[in-house]
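Read from first to last, the chains carry the letters A, B and C; within each, the first residue is number 1.
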């Protein structure tokens, strides 16, 4: 199923590399960064949103396509010497199997998509990294604390519910027909960490963090409705500095686990999604193996943490473009692609 | 009632244009931007706050005046070749009728102030734009969902209440003596969009967005008090990129409706105020036809979205100054004034 | 108990001044700013976190030490012509008595630490400044409103509780064995103001503000637990501009009170911690006489308010470094040290 990237890029004109991504999620951030670093920029858009992306001068080309026919644009992208940047909306539109076998040089480790598609594999990777995760329950009758139930069809914040105790859990599960997992409901505040794994500098950078703005867990519900967790946006935040070494260690341990279990290991952006408990311990309940939408809070202005590695604040889109530029310049483009 | 701006600015020395605003709301942002673009800057301050504005080197002149006598400063402002930037505090201090007939060249479309002063006109403009708004009720006895009641005297977050059902509504209305409107209480998260309508570039730019920080709907009330909605500040946020085309379309449709109903159409900053529901639909419940205070979250640092149009992040104050500078340079100042 | 700073710095090589701080809290921000202004940078780290601080190129030297033996690094710091920047974690690790007598030139007024260590002295200083503070109660039986009880051992957000009325208060106090104070529980939203007192420019600057992100008062508790106030991070916010003159006046009045009661008066950063009520009045319940962690929200990107004093946004770390650089250049270093 693996794509022979090497044979594709051997014909690339490295003086004229393009960066392309799907028109949604973090496309504006990615393409603005790419434009700033001198790349030709392309976005592949659904017909319904292409008009919006034509507003922006930093996007050189907007390709309209029905995503059932996404493969039809590949030849053009390859002619344009394209490095493709995947993100959550791309995977959602295309499906993870197609994304893994898409014959286009792709920034990052695309094989992680499979691990993310399966709750058990996902938790296995976090466990291998030695990162604390929520306790899982196999049997409702042994649940002795509040739990969150995730239906297998859960998407975009729907398909979750919280049960305060075993009785509520059993009552609510009686109407559930799909598969589901049950996890301890960890009480604390959410925090989402944005990392960048640099192959060029051999390091794991903390690039930023955010919290999600959710309709209607954050809404003014006043008891009128059950909270749901549909993400509509993101807010910037910074962490107590005394927690940063833990966040850095989790990031480095996760990268190590990926290098052991998912060759060729981590490349570029990833995210750990956590709850911070009031004893200051950090429990990770989710990861993403590519750029997350929360990085948009720093679009163009840069994040407070990016300044720790660069002489001025940058965003994740620009960080990606810098890495690709450096890989091109050092003739190591293959090292950041799968 | 319309002011003959053309006859005033024909005597202006365009090499020495000043920008002035009332000392509150977004004055610091506006005047810093104006100073950066090389304009002479003036603020008109109440005696109680003038001292504060004298702290800042980028303000060339602080004029103290009792606002009942605001008209007394007009001659001086005109001698200084002033473009006046209106904002919410100015309208509040002066009253909308005086603001509309103030004999000073004013950036933006001042005639919108009248539309905002009347809940029914306000909703008519949003409806003309085809933007979804909350359902209104004329009769409490047909209310079948939670409603928010807005008293006509509502100001600064006070004079609202939420009724969960018809019974609560009828009970609470029994003690209300003023006029009021009743609207469906839309459940979801608030989001406030900052737009800029550029006459020089003939486009509608999404410049940023914010959420409000409200005492005490956001306070640690712990059930001790009824929530009120007094705004004390603002927080930055970014939206899911998949929602941006909708926000852009609402902005463009609103500008079109204004051009049809309120000549000479939209000029400069405006805002739409929305609730995002958990099905991702966006309902607009309010607009503002000029700069909103939420833009202050980006003062000096610039907003993530501004980078989509400019090569570095800028704030709304600087955006206004850039537009006026361009209008001056192209001898089109009249196009951005009313 | 006072340290003879003058005799130490008379031997300093002013062309080679170092800036040092303890590795936690705001160390990254402080040292990045110091590095930007050309200072040699040193951090003193616990063995458990030193590895993390070695990631960053802007830190010239990471000294590992067990903090029970902190004094052992002083000679080296003095050889390096060090100005030491204290912060909350330093005071917490070392204890306030040792911090006051530490024989190292220290930026700011270290004698404030004693005033902060005692709730009664703390309130006395705010009262002297004429700043509104929460009403205190000496006797539970006269309490007639919600109160917050602060145990003397309170730290990091633990050791507080809220009682809604006298009966709840008396019931809960029955199990409290330590000393405590009782204060009116002020209902409204928290806001934390970051000030900088510049000796070089003889002014009090509003540098920014933040709100705290607390586990689990901000957590998704859903009634499952009692809220605690453990701070895990910070979020940026801006205030209504009409409230800024009050915030500026409180800052200036506080600086005046410090100059009267705590010689040599205020130097550098400090913070007032407030609740804003829904009548827009601001009650201050706490202060910090040095840099607060909330300033990290602006690390590297700068704060919206800093732009009011400087031609580009800066953070508090850089602000400190600018002041020290200016003091060095004008041969007035002693003026910013204790």
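Brief remarks follow.
Rule of thumb we're sticking to: a contact is a pair of C-beta atoms (placed from the backbone, for glycine too) under 8 Å apart; a residue touches a chain by one contact, two chains touch by 3 or more.
Remember, it's a predicted structure, so these values are computed and weren't measured experimentally.
Think of subunit A turning onto subunit B: fitted on CA atoms, that turn is 120 degrees, to the nearest 5.
The two sequence copies subunit A and subunit C touch through a face in which the numbers common to both fall below half of the numbers used overall. Note: centroid distance subunit A to subunit C, computed from Cα atoms, is 35 Å. Touching of two or more other chains is recorded for residues 235-236, 301 of subunit A. On the subunit B side of its complex with subunit C, the touching residues are 24-28, 32, 48-49, 51-52, 55-56, 58, 89, 157-158, 213-216, 218-225, 228, 230-236, 293, 296-301.
Those residues of subunit B lying in contact with subunit A across their complex are 146, 162, 164, 185, 187-191, 203, 209, 211, 217, 227, 235-245, 248, 275-280, 301-309, 312-313.
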